[in-house]
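Both complexes below contain chain A, partnered by chain B and then by chain C.
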Partner chain A sequence: MAAQSATATRSGLRSALPLLAPAYLWLTVAIFLPLSAMVFFSFMTELPLSGKPWAFTLGNYAAFFSQSLYLTLLLASLRLGLEVTLWCVVIGYPAAYVLAKVLKGRSREAIFLLVILPFWSNGLVRIFSWAMVLREGGILDTALNAVLPFKINIDLMYSYPAVIIGLVHSYVPYMVLTCYLTLQAIDDSLIEAGRSLGATRLQVLKRIIIPLSMPGLVAGAALIFVPVVGSFMEPRILGGRTGTFYGTVIEDQFVAVFNWPLGAALSFILLAVVLVILAVASPVLRRAA
Partner chain B sequence: MMTTRVLEWLGRLYIWLLLAFLYLPIVIMALMSFNVSPFYQLPFEWTTEWYASLWQNDQLISATWNSIEIAVITTLICTVLGSAASLALYRYDFRGKKVLQALLFPPIAIPWLITGTAMLIFFFGVGIGRGLFAILLGHVALALPYVIVVVSARLQTFAPELEEAARSLGANQWQVTSRVTLPWIMPGVIAGGLFAFAVSFDQFVVSYFLSTPGQTTLPVEIYAAIRKGFTPEINAVSTIIIVVSMALMLLTARFFKFGGEK
Partner chain C sequence: MRMPRLTILLTATAVLTSALALAASAAEVHVLNWKGYGADEPWAIAAFEKATGNKVVNDFFNSEQEMLTKLRTNPGLYDVVMINAAFNDQAMAEKLIQPIDVSKLSNYADISPDKAGSPMLDHDGKVYGVPWVWGLTALAINEKSFDKPPTSIAVMWDAAHKGRVVIRDDAVEAVQFGAIATGQNINDIKDMEAVKAKLTSLMPQIKTFWSSENDWNQMVASNQIDIGTYWSGSADRAKTHFKLPVSLVIPQEGAVAWLDAFSIPVGSKNVEGAEAFINYMIDPAFYVEWVTKVGAPVSANTKAVAALPEDAFNRKVMGDPEVAKRIQFQAPITDAQREAYLALWQQLKVDVK
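Moving on, here comes the complex of A and B:
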C-alpha cells in the first residue's frame, strides 16, 4: 500500500513537471537566484565581472556595525514602520468593523470596492498627489485660511508628518481588507450572546471581537510594516531633506554611490530583519488559516 | 436602541471620512492638471494645455509605450505559465508540493527594494544587464505568484468529477483541459491576467533599478520628473495613470469577487 502510493506520488510529479517547470524556472531565474546572488556579493570587495580585482570580505557587514549611521537609520525605518502600522490600525480597524458589521448588501459591496480600489493604483502617483495638498499655498493651507479668522501657515511638505501621512494613505486599505475578512467571519450570535449575558459594548469588543479578529490585525500589520521599513520613494518625495531612511541609503548605494557590495549587505540585513518579523507573525497567521 | 442607531450613524459617517481621506488628494491632483497656473495657484481656471503638452513630450510617450508593451507581454506570459502551474498544483499530488506553494510567497512578501536590487546585481552579473528585457523578466516574476494564487482560488470551486466524467466519455487529456477545465476557470484566468497587468503597469521600484536612461517605463520617468520639480504635466500624466489603473481594477472586480466566490 505504501509502495503503491509512493509510485502514485512520483508519477504525479512526472505529469505535473511540464506544467510547473516554466513558472518555477522563471521565478528561480528572476527571484531566487538574484536573492542568493545578493547574499554572495555582499561578501565581496568588488563586483566580479566589473573588471576590477575582487576578494571575499566581511567589510560590508563591518561597515554596518562599526558606523552608527546605518544602525540609526535602520532604527528610524523600524520606528517609521511601527508608527505607520499603528496609525493604520487606528484608522483602518474601525472602518473594517463598520464595513463588516454595520453596512449590508449592495452598499457594503460598493464601499468595500471603493476602499480597496486605490491600493492597486499607482503608489508613486498617490504619494505625489499629497504634495498638492500639503505644501504651503496648497489645498490644506488655502482651505484652513479661508475658514479660520486668523492667518496660519500650513507647510507640512518635506517633513516627517508628511511621510507618515503619505504612507498611511498608501497602506491603510491593506488593514481594512485583512480586518474586514476576519471580522466578517465572526458569528453575530456570539456578539448577541455576549450582550444578552450582560456584557457592555466595550467588554464585547475587548473579550470577543478583538481576540477573534487578531489574525486579521496581525496579517495587516505584517503586510504594512514590512514594505514601510523598506520604503525609499515615499520619504524621498514627501520627506525632502528629512526623508533619509534605511531604504534611501540602500537606494543611494545602487544609483548614486555605486557601492553595490555594501548595498547588497544592507539589503541582506533588511531581508533578515523582515524574515524575523514574518517568522514572529506566522504562528498567529497559521492559526487563522 | 437609541445608542445603537447613533453608533451606526457615526460608523457610516466615519466610512465616508475615510473615503474622503483616500480620494481627496487624488481628486485635487486631477483638478490641478486642468488648472491654468503652472504653480498650482488658485483661483481655478480651466485648461487642457497640460494634456496637450504631454503629446509634445517624446520621452514620456516612449516610456508610456514601453510600459504598455511590458504590461501586455507580462500579462500574456503570466496567464499562460500561471494557469499551467495552478492546474498542476490542483490536479497532481507529489512530494514537495507544499514547498512549491510556499515558494510563491517570498516574491509577494519581500519588499520590492530588496528584490529589485537583488535582480540588478544578478542580471548585471550574468550579463543580462539592465533595460527593457530585464524589466520584463522582473515583472513576470513579480506578477506570476499573484496569478497562481488567483487561478488556484478559482480552481477550488471546480468539481474534479467533471474532469472524470469527460474522461470516461472518451475525451483525451487535452480535450478535458480545453473544453471542461479552462472554460470553468476562465474568470479566474482573466482576473489573474488583469492583476498581472496592474502589477506590471504600476510597478515602480523594480523597474527603477533595472532601467537605463533610454529604456525606461512611465513610473520611472514620472519619478525622475517629480525629483526635478513639480509641474502640472506630471499631474496630467498621473491622472491618466490613476484613471487607467482604477478602470482596470473595476474590470477585475467584475470577473473575480474577492474571496473567490461567484
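Moving on, here comes the complex of A and C:
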C-alpha cells in the first residue's frame, strides 16, 4: 500500500516535471545563480572583475557594525516601510471593501481599472509626475490657491512626506488587490446573519469582515513592506536633502564607488533583518488570520 | 525525425542571427558617453554617418564608476569611450583601453600642447586619451535671484539663500568643493576636518542633491533654486539651448577644472571607425556648431576655440589668464581616497536628515 502510493507520487512527479522545468530553470538562471554570486561577492575584498588580487573576508559585514551610519539608516528605512504600509492599509482597505461589496458590474470594472492603471505606467514617470504636482508653484499649489480665498504655500517636494506620498501611490494597488480577493470571498450571508442577530455595523466589521480578510491584509503588507525598506529611487528623487536611506547607500556602493562586496553585504544584512521581522511577526499574524 | 529538424531549425536561426550581428557590427561605432554631451547630437551623428558610412550607436553612463563598470562587464562592445582624464590612468591600468595611433587623427596636431602632453593621458610615450574638451565645476546662479552676480564662494552659505542651494550628489565633487572653500589644494587635502566642518555648515542650506543636468535645469525653470555647483558646459547649454536664466560664476576662491578625453576600449571591433569618430569630435567645424546650437565646454583644439566669435564665453572668460590662475585641474584619485570621501559624504547626508 505504502509502496504503491510512493510509486504514484513518483509517477505524478515525473509527469509534472515537464510542466515545472521551465519555471525552475528560470528561477535557477535568473534568481538563484545571480544571488549566489552576490553572496560570494559579499565575502570578498575586491571584485575579480577589476583585475586586482582578492581574498575572502568578513570585513564587509563588520563594516555595518563598525559605523553607526548604517544602523541609523536601516532603522530609518524600517520606519519608512512601516509608515508606507500603514498608509496603504488606511487607503487601500476601504477601497478594496467598496470594490468587493458595494460596487457591482460596470462601475466596479471602471474603478478597478483606475486602481490598476498606475501599474501600466513606468515607475520613473510616476515619480516625475509627483515632482510636478508637489513642488512650490506646482499643480497642487496652484490649484489650491486658485480655489481657496486665502494664500497658502505648498512645497512638499524634497521632503519626507513627498517620499511617503510617492511610495504609497506606487504600492497601494498591491493592498487593494490582495484585500479585494479575500473580501470578495466572504459570503454575504455571513454579514446578513450577523446583522439579523443584532450586531451593529462596527461589530460586523470587527468580528466578521476584518478577521476573514486578514490573510489578504497580511499578504498585502508583506508585499509592500519588503520592497519599500529597500527602495532607493523614490527617496532619491523626491526626498532631496532628507532622501538618504539604506537603499540609496547600497546603490551608492554599486554605482558611485564600485564597491560591490560592501553593497552586497549591506543588501544581505537587510535581507536577514527583513526575514527576522517576518519570522517574528508570522505567528502573531497567523493567529490573527 | 522531429528532433533533427528542430536542431536544424535552431542552428539555422543561430547562424542567421550571428551573421546579421556580424554584418551590422562591421560598420557600427558604439560610443559610451554622458547623455546630451555632444556625441549624441542628432545633427552631428547625421553628418558623421554621411561622411564616413559608419553608423553611430550611443550608450550612456551616469557616473564615471558606471562607465568603468560598463567597460569591465561588456568587453568588446564599445569602440569609443569618453573618459575624464583623472580616470584614464585607472582605465589603462585595468587594461580597459588601448593606445591610440594619433597619426591617423588629422586634427590631433591642433590640440593645445599642455592638454595633449598631459601625463594623465600619455603613458610610456603612448597616447591613451585624445583631449576633447575641458571645463569647470564652478557655481551657477538663477539670474532672477541676484541683482548682480556674486564673486565669492561664501554666497553658498548666505542665509538669504537657505533652502535654495543645490550641490551635486557626488562625494568627490563635494569634498573638492569643500577644499576650495577652505582654501586648500584639491589634489592634496591636508585638513580634512576643516572640509568636513565647512560642508556640515552647508548642508542645512541645501534643497536637494542634483545628479543630472536635467535636474538642475528643471529646478531653475520652476524657480526653485538660487544657486548651486554646476559644470561650465552645462551652464552654457542651459543658457544657449534651453534659454534659461542661468549664468556661470567662477568664484575668486577658485574652481575645479577637469579634462575630458576620448579613448578606444580594448577589444574594439571597429578601431578605424573609432578613430574617424574621435577625429570628427575634435574637429573645429563640429565644435563651432556644437557651441552655437547647443552650448559646450572649451575645446582642447586651439583652432576650434579660435574659430569662435571673440566675445564668446568659452574664448573670452575661459581663455582669460586671470581665470587660468584660479582653477585647479583634478588629478587621479585612489580607490581608498574615493571610499573615504564617500564615507564622509554619506555621514554628512545622514547627519542632516
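As a working rule, the second predicted complex is superposed on the first by the 244 of 289 C-alpha atoms of A that agree within 3 Å, B and C clash if a C-alpha of one lies under 4 Å from a C-alpha of the other, contacts with A are read in each partner's own complex, and residues count from 1 in each chain.
Everything that follows uses one rule, which is that contacts are C-beta pairs under 8 Å (C-beta built on N, C-alpha and C of every residue); 3 or more make two chains touch, one makes a residue touch a chain.
The shown structure was predicted, so the numbers you read here are calculated from the model rather than taken from an experiment.
A.B. asks: Scan A:I91 for contacts with chain B and chain C and give back first, second, both or neither.
C.D. replies: first
A.B. asks: Which of the two partners, first being chain B and second being chain C, lies in contact with A:T57: first, second, both, or neither?
C.D. replies: After superposition on chain A, A:T57 lies in contact with neither partner.
A.B. asks: Of the partners chain B and chain C, which touch A:V255 in the superposed model: first, second, both, neither?
C.D. replies: Both chain B and chain C are touched by A:V255.
A.B. asks: What is the contact status of A:T244 with respect to chain B (first) and chain C (second): first, second, both, or neither?
C.D. replies: The answer is second: A:T244 touches chain C but not chain B.
A.B. asks: With both complexes overlaid on chain A, does A:N122 touch chain B (first), chain C (second), both or neither?
C.D. replies: In the superposition, A:N122 contacts chain B only.
A.B. asks: Is A:G138 touching anything from chain B or chain C once the two structures are fitted on A? First, second, both or neither.
C.D. replies: The answer is both, since A:G138 touches chain B and chain C.
A.B. asks: Which partner, chain B or chain C, touches the larger number of chain A residues?
C.D. replies: Result: the larger residue contact count on chain A belongs to B.
A.B. asks: So which positions on chain A get touched by both chain B and chain C?
C.D. replies: Looking at chain A, the two contact sets intersect at 49, 137-138, 236, 255.
A.B. asks: Any idea which chain C residues touch chain A in the complex?
C.D. replies: The contact residues of chain C facing chain A are 62-63, 65-66, 68-69, 72-73, 94-95, 169-171, 203, 206-209, 211, 222-224, 335, 338-339, 342-343, 346-347, 349-350, 352-353.
A.B. asks: Looking at the complex, which residues from chain A come into contact with chain C?
C.D. replies: Contacts found on chain A: 49-51, 67, 69, 72-73, 76, 135-138, 157-158, 236, 239-244, 249, 252, 255-259.
A.B. asks: Quick check on the complex: what are the chain B residues that touch chain A?
C.D. replies: Per the touch definition, chain B meets chain A at residues 8, 11-12, 14-15, 18-19, 21-26, 28-29, 32, 40-42, 77, 81-82, 84-85, 87-89, 91-96, 100, 103, 106-107, 109-115, 117-125, 127, 137-138, 140-141, 144-145, 148, 198, 202, 204-205, 208-209, 219, 222-223, 226-227, 230, 234-235, 238, 241-242, 245-246, 248-250, 252-253, 258-259.
A.B. asks: Given the complex with chain B, which residues does chain A contribute to the contact?
C.D. replies: 8-10, 12-13, 15-17, 19-20, 22-24, 26-27, 29-35, 37-38, 41, 47-49, 91, 94-95, 97-99, 102-103, 111-118, 120-126, 128-133, 137-139, 142, 169, 172-173, 176, 181, 226-227, 229-233, 236-237, 247, 250-251, 254-255, 260, 263-264, 267, 270-271, 274, 278
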